[in-house]
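Next come two complexes built around chain A: one with chain B, the other with chain C.
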Partner chain A sequence: MKKVYLIAIGIILVFICNAQNRLITKAATISFYSKAPMENIEATNKSGISVIDKNTGQLEFSVLLKGFNFERALMQEHFNENYVESDQFPKAGFKGKITDQTKVNFAKDAIYNVPITGILTLHGVSKEITTTAATITIRNGITEGEAAFNINVADFNIKIPSIVKDKIAKTVKITVKATYQTL
Partner chain B sequence: MKIIIHTIFCFCLISSLNAQTDLLKGLEDSIPKKEYISSAFKSTRVVNAHSMEMLGAGSMDFRILHRFGPIDQGFDQFFGLDQASMRMGFDFGVTKDLTLGIGRSTFKKDVDAFVKYRVVQQSKGPKSTPFSLIAFAGLSTYTYKNPDPTKPFTFSDRSAYYLQAIIGKKISTNFSMQLSPTLVHRNIVQPNDEKDIYALGFGVRYKISKRMALIVDYFYVANGFPNTFGTNPLSIGLDIETGGHIFQLNFSNTAGMNERSFITETVNRWGKGEVQFGFNLSRTFNIRSRK
Partner chain C sequence: MKKWIKWWLFVVIFLLLGIAYGWKEYNRTQKSTFDIDVFASTTATSLVKEFEVDETSANKKYNDKVISVKGIIQSIELTDSTQRIILKGETGGVIGELEKSERKKTAVLKAGDSLILKGVCTGFLMDVILVRTIIVNQ
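Now for the complex of A and B:
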């Protein structure tokens, strides 16, 4: 009987340990921007969720495409209806890794440059993305992450019709900002 | 003791493996999922009737509608294209649930205005509603000169009012439909006609591609006959969306472009080939930033 208790305690400990190694947020800001001759396209989503595993450097993001807010209602409708087809593909996600996570000491206040590699899934297409424009900032023990990278919309099978080809940029800059909490 | 260590080790392994594959597991489900359904119709009109769709807040929709003469007139009238009547209108999205609009048609110099308010928006998830409900009220008034100056022709005489409820549902990504019970009240009618006309509208949208959809717009007029020559308006059309523009090409037995006109004044019959071509052109402008 004693054994069983010990095992149970062991298991619980393991889970707690694991949990403590994770940083989470449900309010990551994910925005994208594309510059084009006719009109710049810009949208922000403030309810992205993200997790970082401090031990392994694994990180994940998930965001609902319908949660992106545009300045123009019509643009938002077109984004969902015609480009990312959010009825069919409601979420975009990223699963990746901080290439050298041993460099980051989550207990010490500092700004760390953290190259990230991972798989971005959008519109049903997964593609590897690498960025060096990513930082982790520890300020008063709170972890903040920031990253930026460019994607080609054509890589994700998002078609721009010929009639608006000159109005819409083929490359989109994605910016991510997140303030994490310990789970 | 060994067993315990083994067990712990195993769990460590399992959970670390788990962590690698699914860091987000359990987190995503905790997000509330009430989600409003949008884009049931491409435009705020099916063809003639108002659809369950609203204008976005801060948008202005400039609409130019053309209706031509009956096609069966042949080449002599270029299949009706020689006889155009048009309505020009502006709709304003005050909030996402309130749209105001005004327009003027060439036929009888008809000025019309409306208020459209979405009471309920279709949604899914917790506390959702499976349909949208829209309340609509409008006024149409003829502004042509009094043909007989010996008799008064007051604002009231020239005007008609209409009330409508639109109950609509986006059934799938491609298919939406709506019902719209309508009352049209006219202040002056021919002796054998009714002042209050009751009608039930049916509207359907079926998307055939990302930017094109088939649309059908029909009104069953309950008490328009047999005292008048009126018929039920049926319009079949194609929505084509090109960025900021929406073109709605249609064939119809009505040339009316507001509720009074197409519900109470339609006389042509599909069965006799009295069909006319028309199009709606809608261009949306952003006049107020949403932020």
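Now for the complex of A and C:
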């Protein structure tokens, strides 16, 4: 019986240790921006989920495409119905890694530049992306993350109607900002 | 009036009406949640359960629809200038991203209070997420 208790305690301790190594937020701000002759396209989603494992540098975020808020309703409808087809593909996500997480001391206040590489899944297509425009900021013990990267919409099988093909940018800048808490 | 003048006048008026409609449609903003009828009323617990059991069906049923959700406040959060109220579920909860006009109403709310939220359902991550949410009762 003692053995059973010891094993149970061991499992609980491992679980607690693992949980403490993970940082999470359910309020990551994910925005995108594209500049084009016809119109700039800009939208923000403030309810993204993001998780960082402090030990391994594994990093994930996930977002609901219907949660992106545009200034114009028509633009939001076109985004969901014609471009990302959010009824069919409701989520976008990223699974990746801080290339060298040993550079980040989560116990010391500082701003750390952290190149990130991973797989972005959008519109049912997964593609590897890398960015050097990413930072982890430790401020008063709180971890904040920020990353930006550009994607080509054609890489994700997002078709731009031929009538507006030359008037809408083919590259979109995606920015992620998050303030994390211990899981 | 000559027949061709009448014809051209008709064409010009038709074009002007088309341009006016296009301009109005292009600049249309989101309709306020206050002005949209509720598609369904439910509780936070049962809504989360529906998404957990069959997310695809729940997405089809609720996404883009205005729903009212009754529940107990788990927390009220201020993040990146957005006010959010989280209603308790059994595992996940229901996150309501509040309309700007609703912020002042949160001052008298606290965790444990019962509340009905009305908002546009956008789907499920770890919680069901409502946007453009308003507080129906306090």
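Basically, the second predicted complex is superposed on the first by the 183 of 183 C-alpha atoms of A that agree within 3 Å, B and C clash if a C-alpha of one lies under 4 Å from a C-alpha of the other, contacts with A are read in each partner's own complex, and residues count from 1 in each chain.
Just so we're on the same page, a contact is a pair of C-beta atoms (placed from the backbone, for glycine too) under 8 Å apart; a residue touches a chain by one contact, two chains touch by 3 or more.
Since the structure is predicted, the reported quantities are computational estimates derived from the model, not experimental observations.
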Point to revise | chain B versus chain C as contact partner of A:73, first or second or both or neither | key: both
**Study point:** Touching partner for A:47 - first (chain B), second (chain C), both, neither
**Key:** both
Exercise for review: Considering only the touch criterion stated at the top, classify A:26 as touching first (chain B), second (chain C), both, or neither.
Suggested key: both
Check your understanding: Which partner does A:121 contact after superposing on A: first (chain B), second (chain C), both, neither?
Key -> neither
Point to revise | In the superposition, chain B vs chain C on chain A residues touched | key: B
Practice item. Scan A:175 for contacts with chain B and chain C and give back first, second, both or neither. Key: neither
Exercise for review: Once the structures are superposed on A, label A:99 by its partner contacts, choosing first (chain B), second (chain C), both or neither.
Suggested key: neither
Practice item. Look at A:131 in the shared chain and tell me whether it touches chain B only, chain C only, both, or neither; answer first, second, both or neither. Key: neither
Exercise for review: Check the residue A:62 against both partner chains and state whether it touches chain B (first), chain C (second), both, or neither.
Suggested key: both
Study note, to complete from the structure: Shared chain A footprint, chain B vs chain C, residue numbers 26, 47, 49, 62, 64, 66, 69, 71-74, 76, 87
Point to revise | Complex contact set, residues of chain A against chain B | key: 3, 6-7, 10-11, 13-15, 18, 22, 24, 26, 47, 49, 51-53, 55-56, 58-60, 62, 64, 66, 69-74, 76-78, 80-82, 85, 87-88, 93, 161, 163-164, 167
Exercise for review: Would you tell me which residues of chain B are touching chain A in their complex?
Suggested key: 3-4, 7-8, 11-12, 15-16, 19-20, 23-24, 27-28, 30-31, 35, 38-39, 55-59, 93, 96, 173, 210-211, 241-244, 284, 286, 289-291
Study note, to complete from the structure: So, in the complex, the side of chain A touching chain C is made of residues 26-27, 29, 46-49, 62-64, 66-67, 69, 71-74, 76, 86-87, 90-91, 177, 179
Review point. Which of the residues in chain C come into contact with chain A in the complex?
Key: 25-31, 59-60, 63-64, 77, 79-80, 82, 84, 95, 97, 122-127, 129, 131
